[in-house]
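One chain, subunit A, appears in both complexes that follow, with subunit B as partner in the first and subunit C in the second.
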Partner chain A sequence: MSEWLESAITRAQGINDWLAPKRAHALDLLAKTKWPTRKTEAWRYTPLRPVERTPAKVIRDKVDLSPVVIADLSAIEVVFVNGQFDQAQLAKTLPAGLSIALGADLNAAQQADALTAFSTIKPERHIFGLINDALAQDVVVVSVAEGVEITQPVRISSLLSLGAESHTRVQVVLAAGSKLTVIEDIQAQGDSLNTAFVEYNIAANARLEHYRFALQTGSNVAVGGSHFNLHDHAKMNSTIVGFGSELSRLDTDIIHAGEFADAKLNAMYLLDGKELFDLHATVEHAMPNGKTEENVRCIVADRSRAVFNGRIHIHRDAQKTLAELNNRNLLLSDKAEINTKPELEIYADDVKCAHGATVAQIDKQALYYLQTRGVSRSKAQVMLNFGFINELIDLMPNAALAEWIRPIIRERFAQMEVK
Partner chain B sequence: MSNTNSLLTIKDLHASVEEKQIIKGLDLDIKPGEVHAIMGPNGAGKSTLGYVLSGRDGYSVESGSVTLDGEDLLEMETEERARAGLFLAFQYPVEIPGVSNLEFLKASVDAQREARGEEAISSADFLKEAKAACKQVNLPVAFLKRGVNEGFSGGEKKRNELMQMLLLKPKLCILDETDSGLDIDALQVVAEGVNSQRSADRSFIVVTHYQRLLDYIKPDFVHVLSDGKIVKSGDASLALELEAQGYSWLQKEPSEDELEG
Partner chain C sequence: MTEQIDKALAREYEAGFVSDVESETFEPGLNEDVIRRISGMKGEPEWMLEWRLGAFREWLEMEEPDWALVDYPKIDFQSISYYSAPKSMKDKPKSLDEVDPELLRTYEKLGIPLIEQQMLAGVAVDAVFDSVSVVTTFREKLEEAGVIFCPISEAVHKYPDLVKKYIGSVVPKKDNYYAALNCAVFTDGSFVYIPKGTRCPMELSTYFRINEQNTGQFERTLIVADEGSHVSYLEGCTAPQRDENQLHAAVVELVAMDNAEIKYSTVQNWYPGDENGKGGIYNFVTKRGICHTNAKISWTQVETGSSVTWKYPSCILKGDNSVGEFYSVALTRGRQQADTGTKMIHLGKNTKSTIISKGISAGRSNNSYRGLVRMNPGAEGARNFTQCDSLLIGDQCGAHTFPYVESRNPSAIVEHEATTSKVSDEQMFLCRQRGLDPEKAVSMIVNGFCKEVFKELPMEFAVEAGKLLEISLEGSVG
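Right, the complex of A and B next:
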C-alpha cells in the first residue's frame, strides 16, 4: 500500500458525519484492495507513481478562486475550491424545481435518501472512487423535480490552487421527465491532486446533457469519474474533452437500468509532451431495448501516452440492444503511444453491436491537397488535426461551449506543432 | 521555343513514381493567356504531369527543368508552387471532414496573401467574396459550412475546385480530367466558369481523355501525350481528329506497363 493511501485512510478515519456508514464501508473495501501496480489490468498502462510520491496536501485556508468565464454561457455555478464547497458562489435563488445543497444541510428525510443513493451508481471497483467515498468532505446534492426542465446549465467546477489536494463529490438526481444540463470542469494550477466524482441518477423519461472538461495539464494528477444510471426511456448525451497531465485518469460508467434508454458519449483527448490520459468507459446494458453510441477520438504528440478501454457489456436479458463503439486515434510522433482496447461482452442473442478502433497517421492525401492551395505543411497539419476533433465538437449541443472550446483546442494544436 | 515571355517552360522532363518512369522526355512551352489541351490514352502520364508539376510526395524528377515565370519550379515546395501561381484542379478532390470549406478557402487565400506580403483578409470581407464565388459556380452558400468536399457529388466537387480557382486567381491552372464523372449540364457550368477566368495573363493546361470538354473550352493548342512524351501538337482541329480516329494510330508500341492516365 502506498504511503499516500495510508495517510488518506488516516484522514478519512477522522471524519464523522452523516455519511459515516458509507465511509466505513469504503474504508473496509480499501483495506481489502491491493494498491494497483503494472500487473493490475485496469492500471496496466497508467502507473501510479505520481500519486505515490505526490507532495500535494490539503489546504484548509480560504483561497479565492473562481471558474473561468465562458462567453454567452450563463450557468448556475457550483464551485469547489481545494475540495471545499464555496456556498458564496452559488446563486441565492435558483429556478423553481431545482435544488442544490450540501448533503450536511439537507433535512432528515432528504438526507436519508441521499445517504441511501450515495455510491450506488459508481461501481466499487474504482479504487479512487472508494478513496473519494471516504474523503470527500463536502458532498453536494443537485436535484431536479419531476417534469421540470431547467434551461440554465449547472456548472460544477473543481478549482485547485498550486500544490493542493481535493476530493469533490456531487450527486445529481433527475426526477421523472425532467431535463438538465451539467458541466463538470476541473481547473488546477499545478502540482495538485484531485479526485472528482459525480453520480447521476436519471429517472424515467428524464434527459441529461453532460460535459466534462478535464483540461488540467503539466504536473497535476487528476483521477475521477462520471457515472450514470439510466431508467426507462431516459436519455443522456455526454461530451468529454481531455488534455493530459502527469497522470489523468477518468472512469465513466453508463448503466442501462431501464428499458429504451439512450446514451451518447463523445470523448476527445489531445496529448502533448509527456502527458498521459487514460479513459476507461464502461457501458452496462442490463435491460432490453437500450441504445448506446460512443465515439472516442484521440491525438497524441511528442512522447505522450493515451489509454482507452471501452467496455460494453450486454447482459443476457438485454435483448434488442443497439450499441456502437468507435475509437479513432491519430499519432503525430513516433514516440507517442496509444493503448486502445475495445471490449464487447455479449450474453444476449438478439442485439446489434459494432465496434472499431483505428490508429493512423495524418492523411497524406489531404495534406497534399491543402498544400496545393498554398497552405504550409505545418499549418495544414494543424488544420487536419483540428478537423479530426472538430467533427465531435460540431456535435456538442451547447453552442456557447463549442465556441469556447474551439479556440482553446486550436491553440493547443498550434503549440503541439512547434515541437 | 524560347523562354522569354513564357509562363511555363518544361524541358526534357523525366519523372517517375515509385521508381517507375512515367514521364520520358516531355517538352512544353506555354505563354500567358494560352489554353493548352493535353490529350492521350489511359496510362500516358497525363495525371502524373499535374502531380509532378505540383510537387506531390513520391513523384520524383530525374532530369529536365521546369520554370514558372522564369523561376525554377522544381526547387519549390508544393505550397510555394501554389503561392507562385500554380493551381491544380483535381480529378478526385479530397474529402476532409471536420475542416469547413470556408475555413479551408480562407486559409488558402490567406497563405497566398501572406506570400505576397499582404495581411490576412478579414472574415467578413472573405465571406462576401466566398458567397459571390459560390453563386458564380452555382453552389448553394450552405456548402461553405460543410466539411471540405464532404459528401459532395462529383459535379459539386468539381465546382468547388472551380470556386477555389476563382478565389485564388492563379497564373496557371491545370485542370486534371475535370470532365470525368460530369453530366453535360454540370460540364457546361464548369466550362463556363473556366471560360470566365480566361484572360491575357492566365494560362490553362486542360488534361482530358475526351474531346467533349474541348467543345466548351476552346484550346489554342492541343498536344497528344503518349508513353510519357508529347508525340503530336496542333490546333483545336487535332482534338477532333483524335475523336474520330482514337489514339491507336499515334502509338507505335502499346504501353503495357503504365500505371495511370
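Right, the complex of A and C next:
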C-alpha cells in the first residue's frame, strides 16, 4: 500500500457525517484493495507515481476562485473551490423543478434517499472512486422533478489553487421525463490532485446532455469519473474533451438498466509534452433493446502517452442490443505512445456489435494535396489534425460550448510540436 | 430450440477410445527427482538436465496466470504423472515392423497414415504417444534433402549443438508458468531443421495422442528454418474420452532465419469434455516464432477440442520486412472455454502482420479472442491489419474480444476491426428458400464465415477441418 493511500485512509477515518455508513464501507473495501501496479490490468499503462509523490495538500482557508466565463453560456453554477462547495456562487433562485443542495443541508427524508443512492452507480472496482467515497469533502445533490425540462445548463466546476488537494462528489437525479444539461469542468493551477466523481441516475424517458472538460495540464493529477444509469427509454449524449497532465485518468460507466435506452459518447483527447491521459469507458448492456454509439479520437504529440480502454459488456438478457465503438488515433511523434484496447464481452446472441480501432499518422496524400495548394506543411498538419477532432466538435449539441472550445483546441494544435 | 441444439451438439467424440497398450507410467508427483528420472530415461546429457532443473526452480517461484477469461478448478500438479510410455517402446523399434500393432491400430483409427507404403498423402509423420515419439516416417527421403525431422529426444543426442543453440531462444525458460513447467518436464516432441536454401520436399506432420489416465502431455517442438529455406508443418491432436481433466502444456518454438518461411498449421481436437463440462483436456500452450530479415511465419489454427484452451501463437518480427500471419478458427460448444489469439511484436522496419480470427460459440461455451499488436519505436513503416469476427449460435454462449494495441511509431499503421453477430434470419431464410435443410444451411453459412482461414490450410488439413466443423455443428440451427 502506498504512503499516500495510508494517509488518505487515516484522514478519512476522522470524518463523521451523514455519509458515515458509506464511508465505512468504502474504507473496508480499500483495506482489501491492492495499490495498483503495472500488473493491475486497469492501470497497466498508467503508473501511479505522480499520486505517490504529489505535493498537494488539503487547503482549508478560503480562496477566491471563479470558473472561466464562456460567452453566450448562461449556466447555473455549482462551484467547488479546493473541494469545498461555494454556496455564494450558486444562484439564489433556481428554475422551478430544479434543486441543488449540499447533502448535509437536505431534510431527513431527502438525505435518506441521497444516502441510499450514494455510490450505487459508480462501480466498486475504481480504487480512486472508493477514495472519493471516503474523503469527499462536500457532496452536492442536483435533482430535476418529474417531467421538468431545464433549459439552462448546470455547470459543475472544480477549481483548485496551486498545490491543492480536492475530492468532490455530485449526485445528479433526473426524474422521469425530465431534461437537463450538465457541464463538468475542472480547472487547476498546478501541483494539485483531485478526484471528481459524478453519478447520474436517469429515470425513464429522461434526457441528459453531458459534457466533461478535463483541460487541466502540467503538474496536475486528476483521477475522476462520470457514471450513468439509464432506465427505460432514457437518453444521454455525452462529450468529453481532455488534455493530458502529469496524470489524468477518467472512468466512465454507462449502464443500460432499462430497455430501449440510448447512449452516445464522443470523446476526444489531445496530448502534448510528457502528458498522459487515460480514458476507461465501460458500457454495460443489462437489458434488451439498448443502443450505444461511441466515438473516441485521440492525438498524441511529443512524448505524451494516451491510453484508451473501451469495454462493451452485453449481458445474457440484453437481446437486440446495438453497440458500436469507433476509436481512431493519430500518432505525431516517434516518442509518443498510444495504447488502446477496445473490448467486447458478449453473452447474448441476437445483437449487433462492432468495434474498430486504428492507429496511424496524418494521411500523407491529404498533406500533399494541401501543400500543392500552397499551404505550408506545418499549417497543413495543423489543419488536418484539427479537422480530425473538429468532426466531433461539430456533433456537440450546445453551440455556445462548441464555439468556446474550438479556438482553445486550435491554439492547442498550434502549440503541439509536430515532427 | 436450445434443447434441440443441445441434443444435436451432444454428438460423440470420435477419437474418444482408449488403446489397450501396456505402458510404463511414473507415479504421479513432481519434484527434482522426477525430473532427474525423466532425463535419465531419455539418457540426456548433463546440460539438458541442468536446463530442466533451472526451469523447475523458476517455476516454483512463479504464479499461475489468472487473466484469461476461463474458469477451471485449481490444478493439482502433484496428482499428474509426468511420464508415460508404451512398454514396447523400451527397446525402441528400428523400423515400423517392430512397432506394437496395437499402437499402429490406434493411429489407423485416427486416420493417421504411418505406413509409408499405404500413404497417398505424401506427408512425413512424427507420432507422439503419451510421452514418447512412436515413429517418424519418411526419414530417409528427408535426409536426402538434408532435412532433419526427428523426435526432440533423439535430436538432443544427435544434434546437441543445434538443440542447445535454439531451445529456449524464442520462448525463454521463465516466459510463463506453463512454459516453465514444460521446460522442466517435457518428454518428447519434434525437432525440425531445414538447411540453407532448401525447400522441404514434403509436408511435415506431428500427431499427438494422450492415452494414459492421469498423465499430462508436455511436448516440445522446435523448428529451425535456416536462411532461404521453406517448410510447412502440420500438427494434430486427440485424446481418449475420460471424466478427469488432463493437462497438455506444450511449447512450440519457430526460428525463421533470413528469407526463410515457416507455415505452421494446427488442427486441435483434444477431447473437449462432455456436454456438462466433465472431463476434457486443459490445453495451455505457448507457441512463438521469431522472424529474421525478410522471413515469414504463418500460424493457421483450427481449434475445436479441449475443455479449456489458453493459447496465443505469436510472432516476433525482428528482422526488417518480415511478415507474421495468424489465421484462426475457434469453435466452442458444450461447456468449452477458449481464450486464444496472437501477439504480433513489430521490431523491424516495414514489418507486416495480418490477423484473421473467426470465433464460433455454441451451447454454453465461451470463446474469447485476446491479441496484442505492438509497434516498437523501430518499426518504421510497419503495418498491421486485424479482423476478429464472432458468430453466436444459441443464447447461452458468449463471444468476447480483447485486443491490445500499443503503438510507438508514428509511421506504423494499425487497423483493428471486430464484429459479433448471429446466423441471421435473412441468411437462413434465403438458404431455406433454395431448398436447403436448416442444418445444411448453418453448416454452409459457418463454412463461408471461416473460408478466409480454411483457404490458408494445406489441402489434407482443410478437408479435415471442414469435416470437423460440420460434425461439431450438426443440428445447431440458430
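Here is the rule we use: the second predicted complex is superposed on the first by the 416 of 419 C-alpha atoms of A that agree within 3 Å, B and C clash if a C-alpha of one lies under 4 Å from a C-alpha of the other, contacts with A are read in each partner's own complex, and residues count from 1 in each chain.
The definition used in the following text is that a contact is a pair of C-beta atoms (placed from the backbone, for glycine too) under 8 Å apart; a residue touches a chain by one contact, two chains touch by 3 or more.
Nothing here was measured: the structure is a model prediction, and the numbers come from that model.
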Task: Quick one: on subunit A, after the overlay, do subunit B and subunit C clash, or do they fit? Just give me the call.
output: fit
Query: So, does A:Ile408 touch the first partner subunit B, the second partner subunit C, both, or neither?
result: neither
- prompt: Once both structures sit on top of one another, what is the angle subunit B-subunit A-subunit C taken between CA centres, to the nearest 10 degrees?
  reply: 80
Message: Just to be sure I read the superposition right, which of the two partners does A:Gln371 touch: subunit B = first, subunit C = second, or both, or neither?
response: first
Message: Which partner chains sit in contact with A:Lys379 here, subunit B, subunit C, both or neither? Use first/second/both/neither.
response: first
Message: Going by the contact rule set out at the top, does A:Ala399 touch subunit B (first), subunit C (second), both, or neither?
response: neither
- request: Tell me which of subunit B and subunit C touches more residues of subunit A.
  value: C
Query: Is A:Leu331 in contact with subunit B, with subunit C, with both, or with neither (first, second, both, neither)?
result: second
- prompt: Counting only touches as set out at the top, which of subunit B and subunit C does A:Gly387 meet: first, second, both, neither?
  reply: first
Task: Give one of first, second, both or neither to describe whether A:Ala354 is in contact with subunit B, with subunit C, with both, or with none.
output: second
- line: Least Cα-Cα separation in the three-chain superposition, subunit B to subunit C, whole Å, stands at 15
Statement: Residues on subunit A touched by both subunit B and subunit C none
Message: Touching residues of subunit C toward subunit A in the complex: what are they?
response: 67, 69, 375, 377, 390, 392-422, 478
- prompt: Within the complex, which stretch of subunit A touches subunit C?
  reply: 41, 316, 319, 329, 331-361, 419
Query: Within the complex, which stretch of subunit B touches subunit A?
result: 54-57, 77-79, 81-83, 87-88, 90, 93-94, 96-99, 103-104, 107-108, 111-112, 115, 147, 164, 168
- prompt: Which bits of subunit A are touching subunit B when the two form their complex?
  reply: 363-366, 368-377, 379-380, 383-384, 386-391, 394
